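Order of writing sets the chain letters: A, B, C and D. Residues in each chain are counted from 1.
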Amino acid sequence: MMLFSLILAPLASAFLVALGPAAMARRTALAGTAVTFFAACAALYLFNWSAPGYQFEQSLPWLQQVGINLSVGVDSVAMMLIALTALLGPICVQSSKTAITDRVKTYYSWLLVLQAAMTGVFASRDLILFYICFEFTLAPMFVLISLYGSTNRRKAAIKFFLYTFTGSVIALAGFVYVAWFSSRLTPGIVNAADPSLLHEFPQLGKWTFDLATLEQAARLMSPAKQGWVLLALLAGFAVKVPLFPVHTWLPLAHTEAPTAGSVILAGVLLKLGTYAIYRFALPFCPVAIYEHAPLISVLCIVGILYGGLICWVQTDVKKLVAYSSVAHLGFCILGMMALNNTGISGSILYMINHGLSTGALFLLIGMIYERYHTRSMKELGGIAAKMPIWATFMVFFTMASVGLPGLNGFVSEFLCILGAFQASSAWGSPTATLPNGLPNAGLWGSAGAAHPGSTLGSLGPWFAAVAGIGMIVAAIYLLYMVGKVVWGPLVEPHGHDSHGGHGGHGESESHSVLPTDLCAREIGVLVPLAVLCVALGVYPKPALDALSGPVSDTVRVVQTARSNATIPADSVKEAAR
Amino acid sequence: MEQIINPYILYGLCVLGAAGVCLALPRKGLSPQLFGGLLAGAVGGLAILFLGLKNPEHLPNIYFYIFSVVALGGALRVITHPRPVYAALYFVLTVIASAGLFLILSAEFMAFALVIVYAGAILITYLFVIMLATQSPQEDEVEVLMEYDIAAREPFASTVVGFLLLAVLTTMMFKGVGELPAPQVKDPDAILAAMPRRIESTLREEGLMPKGSTLKVDAQTGDAVVDWKHRTVTTIDGGGAPTVVSLPDDLKATNADHLGFNLLRDHPGTIEIAGVILLMAMLGAVVLSRKQVQIDEEAKMRQAHTLSGASFGPDSGTSKGGSL
Amino acid sequence: MTTLTNILHAALTGSIGQHGEVAHAAAGAAPVQIAANGPWYAVLIPVFAIAAFLLCALCAAFKVKSKLPAWITVACLAASCGVSASVYAWVSSHGPAITYVFDWIHVVWGKDKGQSFVANFAFYLDTLTCLWMLFVTGLATLIALYASEYMSHDVGQGYNRFFAAFSLFVFSMACLVMADNFILLYLGWEGVGLCSYLLIGYFYKKPSAVAAAKKAFIVNRIGDLFLALGIMLCFVHFGTVEYKAVFAGVEEYIKHFEAGEFNKIPPVAQWIAYLLMGGAFGKSAQLPLYVWLPDAMEGPTPVSALIHAATMVTAGVFLIARTYPIFMISQYALHSVAWVGALTALLAATIGMAQFDIKRIMAYSTVSQLGYMFAGLGVMTSVGAAAHVFTHAFFKAMLFLSCGAVMHGFAGQLDLRKLSGVGSMPGWRIVGIAMLVGCLNLAGFPIITAGFWSKDAILGGAFANPHAQSIGWILLLTAGLTAYYTFRVYFRVFVGPQHFEPGDELHAHDDHGHDHAHAGHDHGHDGGHQSHSHDKAAASHDFHPHAPGWAINTVLAILAISAFVVILPLKLIPGELGWVGQMVEGSTARAVGHMEHAKFFGFDAHQAMMVVSSVVGLAGIAVAFVLHYAGRTSAATSRADALLPAFGPLANWAQHKWYVDEFYDFLIRKPLLVLAHLFHIIDQYLVDGLVDAAGYLPRAIGRLLRPSQSGELHGYALGMAGGVAALLLIVFLATTSW
Amino acid sequence: MIQVLQTLAQSGFPDRMHAATLSHFLLVSALMFVIGLIGFLTRRNLIIMFLCTELMFQAAGIALVAFGRYHLDFSGQTFVIFVLTVAAAEAAMALALVVLLFRRRESLNAEEWKELRG
């Protein structure tokens, strides 16, 4: 019931907001998100972090003719992401207090609906329920962007909606194919593949969208089929992540979205893509993932460098941070494609960390925008002189985003790159020699050597090294931004001076509402994120320990499938070398 | 069973008929309407002739030929006559000829219903509307033919499509007709059993049934118990003694009887729906005709132009698109 | 052979493997074991520093307008220094140890070696650690004291920020030095980079300071990438990032190294050193990544003294010293280090000779001296390198602080053509003496200066190493140049006729102060006088040098004394370079392996060097005396000016730093920027254009089909009739068997 | 007259009707339908277009009655009643609409109304 309450609480609040008076909308929404947040805290407390597998599982019958149930359940990965979602809820509501003054009821209701949908995505254990929630995040976001965004909002909203929707429909096709494949399994087929699997299918030959069953079934697909399924799934999820060639909706949507929308978008919505890849692509098509990991990683690396360099020439601060998401999420997927514990753990941690730091950056930019009504770096500069508190937070979160050790970004980024670095079959298998007694060929020479830290995989040091350049590029563009906006001589937009009497009516209005530097509410919004940034940077061990169970399972699945598959074995390759 | 008509002949006829109809359609200027009409008629005749030649022993009644020629000729004229009023009148002709065909098909009730409802009611409504919607000519000028009545629209494409449909339809039809199951011959008078009072009254009129006696009816259905083999019924007199009485020869179920039973016994729901449709149509017509029409600017100008043209220049409002 | 192995055991301090397996001990010598539990109070070193940081941050939050943060910092850092001393006492009696604090990053996927990635907050305490921590905390305390006065014009403004970053720096440095694994080292490594960034950009209203800060961080990041890759390679090869286990793994290869059989050492293991080296080059400003350090002088002078002269920049030296075994097993790594160091030393010295900004000269001399240290490491005299780090820390800090005092007093004036005879002005005596002491050390004045001994050790080591003769010559040349440019500064600025022109910072803050008079007055300038009027004309007329106060003088005095005092531990305690030698020999930085000592023209290289380097140093000073002191009547001119044409364009090129910045700009930054713009255009018009095109496709199809929806009844009817006909035809054809 | 009518009515009912005879009627029905269709497609006068639809109804009626005769089933004729009903309803509605449209544009030309143009 825990998870249903986490989904229903925001939904119920959304109805309350919609039905209540406009004056109470924000407070109702705040109460709703706060209740959800405390419920999530309770869930975090009740969750048994040391146990692997799914908890809080519950299933309500829905369309049983085709095996669709409202079944929910979380492992530690999902639990963390749900906690992140619940945390960002009140933060978004609070950050919108002065930014949104028009049509507040619509705004807060959709915000709450969005939260419910996002929680549903992470909690669902049924493909169709997942898909519905996944798609249902689009509608609220569409409304938030198209009604409350800035000048080019309609185009941005439409592009966001159509782009991600097109992708996810293809992903649905992949899902249905897997379910269809599963429904056509017979005991004979299963026995031929692996007799021990037979007990995993209680209802062989029936339609089901139960994730656990489908995970088992999908592994019986041939590598070629897995490849197609992977393609379909990636079509949906890579857009959401977004990976390199399909990222262009993101800068537009981020730039046009209201602050809270950007925060949610960066904080959670992008994670839906990475989470889905982790949750579905990896277990459904392990062999295909293994085969195509280099390709996907190349896309990630291109995204990292290309996105990073594009950041550098932006003049719009928000667009810069938006493009930085392309680069950052590239690291995230790169780590996942390493298909080893370090990489995937880092990748999952990256989801949380990116949500915290980039979300906070968007909040900070929103605060500036509320005061100056511009995000152009040509019109802003040296804000530190006027807003020291803001500047402190800005530098702090920039450093978290750059991946400074001691803050959260570092742990995940380093683990992702390390994962990619380790994951190369060229290192040789962990055992020193091959079965045929030949010395194991090293990467740079012929001396036989064991590399105990290496794992089987298809990436390798070059991937890590090139991706690592992204760390430098990240420093370049983020410091460029900080150097322009925070440091330097004070530059303010025209018509904006300390009197605040003349100038546009919007400005004078904002002057009456907002102080020069951040107010207590704004600081209160940022502090939890900052505290978490430090906590996850200094003591990530609980999170990493909690992840080790599910991640090890995933790695085992992929590596087992790889070794069982009939793709050319690594040992054969090496013996031929 | 082989094709009732050779398909190649059929297609040839279709092409020729299409050409005929195409020519017969109204055109601006000089048009071979008459020739086209004759050609189309000839082709239709040829088709029926071929049909007859193929199966000389199953020719229809001679009146079939008369009525079908009238009906099809009228139909052709409906679509070729430029004046709506004449078209409507030709349609009346078609309806009457169709009624004749219905008679040949032993559908007397429908034949007369058709004449009454169609020719009598619907067509009159049409005529009213035509009158309403056409400018009556001034006293000193000839009646104006509207531009859109003079020339057919895309005659070629339409006839091609039409006769393509005809070719397909007839091909399928003649192929399918041959494969129809042989009809079950039933005693047409069988429904009389469901009308015991009619039997009773007829018997009483004929004097075959004494006073005080009753017709024996089935207890459950209330139908008369009739022995159709010998055309006899059983009457029960006051004492309860049965008497077998044979039915008179002129006691037959009429076409209206059959129709009534079919309509009310077999399709009771449908007839309710038909009633609702009529009601709706009535309401709709009332609503629509009460509606105030917003005449748009263009139409106003045109009206003004037409009126002024009518009053100041005899040519401007007349035929060749002066008002357009 | 076995003896060497034994020594190695002692040096590597890694006899016990990570998982409790006892490494095979060589016969005859009990391996030095690393105590699992070091003194708990080692934790206090970083804790005091971070406490100072937090308290200063609190001060900033509450907008404290007094010198409170300075006193907090000084007190905490002094406490750290005290703890360092007691840790040293513990280590010298108990031997190396590890103090575990808490688990940091743990990714575990198996029980075997290499199946877990473990990096704890734990401190690896040995004498090398202690050496570094002692001078880091000691100097930091002194410089914080100095800064308390130096930064006083910023009280209530950036004062809190300054000391917060300062304390954070010490914390990071402590993590870097005391780390027991590469990851914690990396934390410190980047942490000091951050603090360096924040402190260089302290005067954030100056675009040049912001640019310099950015440059420092980014260039350092390039090095960091190599360091990170090195760590990863190390993990892949050794299956761990903890020093103890890594050194245990290296031990096996050391045997091959001693036997000269590098082909038996896996190439992967040899590559680690090259990658780590890249990190060291970045942090310690060596070729080709040295360009950030001279620019870093935009920061306040105490920062330059502490971070960019004494401590942070020696992190690269520390890294190599700490991982010396890894460097030794790599065939060419140390040679590369030596060459890079020597070339950097020479290049920086040539640039330093031609500069006029005294702080910049000091910066280039820092780069040059760091090059010395690297060369020392590269020629296998890690002791000499460490000693040079140690002595250099004191005298270079002192030189910077003296320069800072001048800057402070003369409104930011640093041009040696506009200052003269400062040392004889009233109130500047201590500064002058301190400067002289520093210059003597830097120039390597024979016998009485500590700098002489440490530099001599490196030179001697270079000439003693049969493979490093040419490096020795380069270093010797550099020594002469160093002596020259050091005393060029001293002779022009501190002695000779008295003359000064105040710096431009009074004007600078006028320029800033137009619309933010109150803020701008106290910000954006270094050493300007609040009491002076904003009027430019009045500023130059009424300017009086602002002699340093007690804090600056005290610190300078202490440093001047200690610059001499450090000779005592170097020379009074037996062994090569005495105490420092002991410290290094007892740690991982110990150079092992035997090589034939090369002779310097038939003499013992070390002894010969004492004479040769003395002569070279004195010659440099003499040249400086002749060119820049003798007969000089004004501040702006000297005899050297007459010599300049003789060097042709070289002097000009050297003054423009050999155009390296421009070269990098042209070769790397510009192309990247062009590429970025190109990518931006591609993204907008190609990548997004394709998406838009895909979106346009349905619209185009719709436009194509649009005429079919003519709105005419007949059209639809015709379509419907045709459709019915076609449909019937299809049905007919499909159902008919021909 | 009576004679003629009797002759007509005596066309064999209730005897079987041969399929070949049926096809005569069907041919007439199809021809009439197609003529109606062509009329609908070619004529622009709204009223005539409606007349053409009535022609098609008529054709359908003939086919229905003919089939009913062939099968000796009266449902064919019943359906003609329904067709008649629909035709009447359609005539009422359509003519009301035609009047409405005519009032708006002063024309019966069907091509005047193209509001659905894409």
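In this text, a contact is a pair of C-beta atoms (placed from the backbone, for glycine too) under 8 Å apart; a residue touches a chain by one contact, two chains touch by 3 or more.
The shown structure was predicted, so the numbers you read here are calculated from the model rather than taken from an experiment.
Of all chains, the one whose CA centroid is most distant from that of chain C is B.
Taking the mean of all protein C-alpha atoms as the reference point, the chain centroid lying nearest to it belongs to A.
Distance between chain centres (mean CA atoms), chain A to chain C: 36 Å. In whole angstrom, the spacing between the mean C-alpha positions of chain B and chain D is 5. In terms of their C-alpha centroids, the spacing between chain B and chain C amounts to 104 Å. Centroid to centroid, with C-alpha atoms defining each point, chain C and chain D lie 99 Å apart. Each of residues 153-154, 157-158, 161-162, 165, 169 in chain B touches at least two other chains.
Within chain C, residues 714, 718, 721 each touch two or more of the remaining chains. Multi-chain contact residues of chain D (touching two or more other chains): 37, 41, 44, 110-111. Working note: touching chain pairs come out as A-C, B-C, B-D, C-D. Across the complex, chain C is touched by residues 159, 162-163, 245-249, 306, 309-310, 312-314, 340-342, 345-346, 382, 384-385, 392, 395, 399, 404-406, 410-411, 414-415, 417-418, 421-422, 427, 430, 442-445, 447-449, 451-454, 461, 464-465, 468-469, 471-472, 475-476, 479-480, 483, 486-490, 538-541, 544-545, 548, 551-552, 555 of chain A. Contact residues of chain D toward chain B in the complex are 4-5, 7-9, 11-28, 30-39, 41-45, 47-48, 50-52, 54-55, 58, 61-62, 65-66, 68-72, 74-78, 80-82, 84-93, 95-100, 102-111. Partner chain B is touched in their complex by these residues of chain C: 714, 718, 721-722, 724-725, 728-729, 732, 736. Taken in their complex, chain B has these residues touching chain C: 153-154, 157-158, 161-162, 164-165, 168-169, 171-172, 175. Of all residues in chain B, only 1, 4-5, 17, 21, 25, 44, 47-48, 51-52, 54-55, 58-61, 63-64, 68, 71-72, 75-76, 78-79, 84, 87-88, 91, 94-95, 98, 100-110, 113-114, 117-118, 121-122, 125-126, 129-130, 132-134, 146-149, 152-155, 157-159, 161-163, 165-166, 169-170, 173-174, 177-178, 180, 182-188, 255, 258-259, 261-263, 266-267, 270, 274, 277-278, 280-282, 284-285, 288-289, 291, 293-296, 299, 302-303, 306 touch chain D in the complex they form.
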